[in-house]
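I've put the structures underneath this note.
Here come two complexes built around chain A, the first alongside chain B, the second alongside chain C.
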Partner chain A sequence: MIEIDPVKCVGCGACVRICPPKALTIEVNEKETILKYFIGRCIFCWMCVQTCPQKAIKTTNKFELSAVDVHELQMELVHNTVKCRVCGKPFITSKFVKEVGRRLNGGFKDDLLYVCPTCRRKLTAKKIATKVTGVE
Partner chain B sequence: MESISRMYGGMNRVINYEACIGCFTCEEVCKFLHNGEAYITLYEVGGGLNKPISCFHCAKAPCVTACPTGAMHRGSDGAVTVDISRCIGCGACVAACPFGIPTIVPPGYASKCDLCEPLRKEGLNPGCVAMCPTKAIVWGDYTTIAKELRVRALKKLIYTSAP
Partner chain C sequence: MVEALPRNGSVDLAKAFDKLKRSIWVFHLNTGSCNGCDIEVLDVLTPYFDVERFGIKLVGSPRHADLILLTGPITIKTLDKVVRAIDAMPRPRLVLALGSCGVGGGIWFNTYSTLGGYPKLQELLKSLGVEVDKVVYVPGCPVRPEAIIYGVALLLGLAEPKVRYERVEAVEG
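What follows is the complex of A and B.
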């Protein structure tokens, strides 16, 4: 089975997209982003380990995983979800926003990191249009 | 201007909002060229007017900086493109782009405007540039764009100030 480091994981969802048997799933709701790992489905291919950009997933030697209750085979990792400051739609985890901000090293305004992509496009179109025409 | 030009292969695209009439031609052409997915989209800017937004192919692109695998890179002619064999679909470029341009498409990689790479290889202009009815989308190296926009600004000055 795999072990996910809750400190290193940012909840980007790259492992979820690569996982062949869909043992890893992600659920985004208003408050939380939950990364679920169901061992019953895992085929131990280590695709997620290779993919993880944060190196948060580790391999372990455990593979005999008999359990009395099926829920014991399910692991969950909970992240905070960030809501768009303009439209209020949940779109990304707060840790991932901070990680991207760190990579960019203050490349652009922090406020913009908390705005969803669709709203960013609308804001840009409006900004250029007002600059060009001079009318709001 | 020339130093930037030399650094990045020199080609870029500029959308002239003054000339744009918001006719959705670029969006439709892009959809046609990319199997129903438009990389240049129009948004309402107020007063019932729609203006297009697409990748600016920034010289210091935040998506390239944020990409953990180097899938987002500067390709031929200075266009910022995605190498889909390297992309892991983490969405860092989506979060990093100040204009919200890249999107994650199934089965799980980033996708964005590549200035119509197949067309450019054949020596043609990108689809949106070729089809724009008012020639609002200018494409070329930095000096050509600057010259073209200066000429337009001058023309506008002359025609609007004349009685």
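What follows is the complex of A and C.
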């Protein structure tokens, strides 16, 4: 089975995208973002280990994973959810926002960092339009 | 089909369940698996692991079996045969769902031609009135032979489960 480090993981969802049997899933709701790992469906291909940008996923040599109840085979990692400052939709984890800010080295201001992709597109388009035409 | 079930004498059933400590006979039921798990099941029975020394024996008919080794994601094509095989078993019925496919459907968990794992089959069996007394889920792709033996030990109450449901809060760095 794999082990996800709760310190290193930022909840970006790269592992969820790559996972062939979708043993890793991410659920975003108002309060929290939950990264779920269902051992019962994992095929132990280590694609998530390879792809994790934070190197948060570790391989282990545990294989005696039997359980009487399927729900015992579920692991959850709970992150905080950040809401978009424009539309108020939950879209990303707080750790992910910080990590992106750190990697961009201040290239993104907070007003764009805490805005969801759809709203960010609109904001940028508006900015360009204002620059070109000079009208608000 | 359902009327042919043995009389549900709960006292007798509990007694039979208590007696079932060793020498369980297994029936190998492939429900459309890729044969990876089936080879591992064979491995368990061959001299290297040799579970026949514990009295675990492979039998040719579900009517002789205490335990079904279920591999594969339960394809629609095999579904009626699977239900009939499980129904043919005498009580107490035990099932060992093997492999990622048997437990959660594996990479076929949401395709049109499979049921997607044992939990969904169990719901179906319940609606048909076929009761299964105990199930143990053994993940792995394919399952290691040691994991299969451990699963049987867990089923008979000889070992403790090693994995638990976990919910961890992420640490803000």
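Simple rule for what comes next: the second predicted complex is superposed on the first by the 133 of 136 C-alpha atoms of A that agree within 3 Å, B and C clash if a C-alpha of one lies under 4 Å from a C-alpha of the other, contacts with A are read in each partner's own complex, and residues count from 1 in each chain.
Keep in mind that, in the parts below, a contact is a pair of C-beta atoms (placed from the backbone, for glycine too) under 8 Å apart; a residue touches a chain by one contact, two chains touch by 3 or more.
Everything numeric in this text was worked out from a predicted model, so none of it was measured.
Chemist: Kindly say whether there is room for both chain B and chain C on chain A in the superposition, answering fit or clash.
Modeler: Fit: chain B and chain C sit side by side once superposed on chain A.
Chemist: After lining up the shared chain so the two structures overlap, which partner does A:T124 touch, if you call chain B first and chain C second: first, second, both or neither?
Modeler: first
Chemist: Just chain B (first), just chain C (second), both, or neither: which does A:C116 touch?
Modeler: Touch partner of A:C116: chain B, not chain C.
Chemist: Have a look at where A:G88 lands relative to chain B and chain C in the superposition and call it first, second, both or neither.
Modeler: A:G88 contacts neither chain B nor chain C.
Chemist: In the overlay of the two complexes, what angle sits at the CA centre of chain A between those of chain B and chain C, given in steps of 10 degrees?
Modeler: Apex at chain A; the opening toward chain B and chain C is 130 degrees.
Chemist: Touch check for A:V68: first (chain B), second (chain C), both, or neither?
Modeler: The answer is second: A:V68 touches chain C but not chain B.
Chemist: In the superposition on the shared chain, how near does any CA atom of chain B get to one of chain C? Answer in angstrom.
Modeler: Closest C-alpha pair between chain B and chain C: 15 Å.
Chemist: Jot down the residues of chain A that show up as touching in both complexes, chain B in one and chain C in the other.
Modeler: none
Chemist: With touch defined as at the start, can you tell me which chain A residues reach chain C in the complex?
Modeler: My answer: residues 1, 6-9, 11, 20-23, 38-45, 62-80, 93-95, 98.
Chemist: Taking the complex as given, what residues does chain A use to touch chain B?
Modeler: 12-14, 17-18, 51, 53, 92, 96-97, 99-100, 103-105, 107-109, 112-113, 115-122, 124-126, 128-130, 132-133, 135-136
Chemist: Under the stated contact criterion, what part of chain C meets chain A in this complex?
Modeler: Residues 100, 103-107, 109, 117, 119, 134-141, 144, 146-147, 150-151, 154, 161-173.
Chemist: Can you tell me which positions in chain B touch chain A when the two form their complex?
Modeler: Counting only chain B, the residues touching chain A are 17-18, 41-47, 49, 51-53, 60, 62, 65-66, 68-69, 88-92, 94-103, 107-108.
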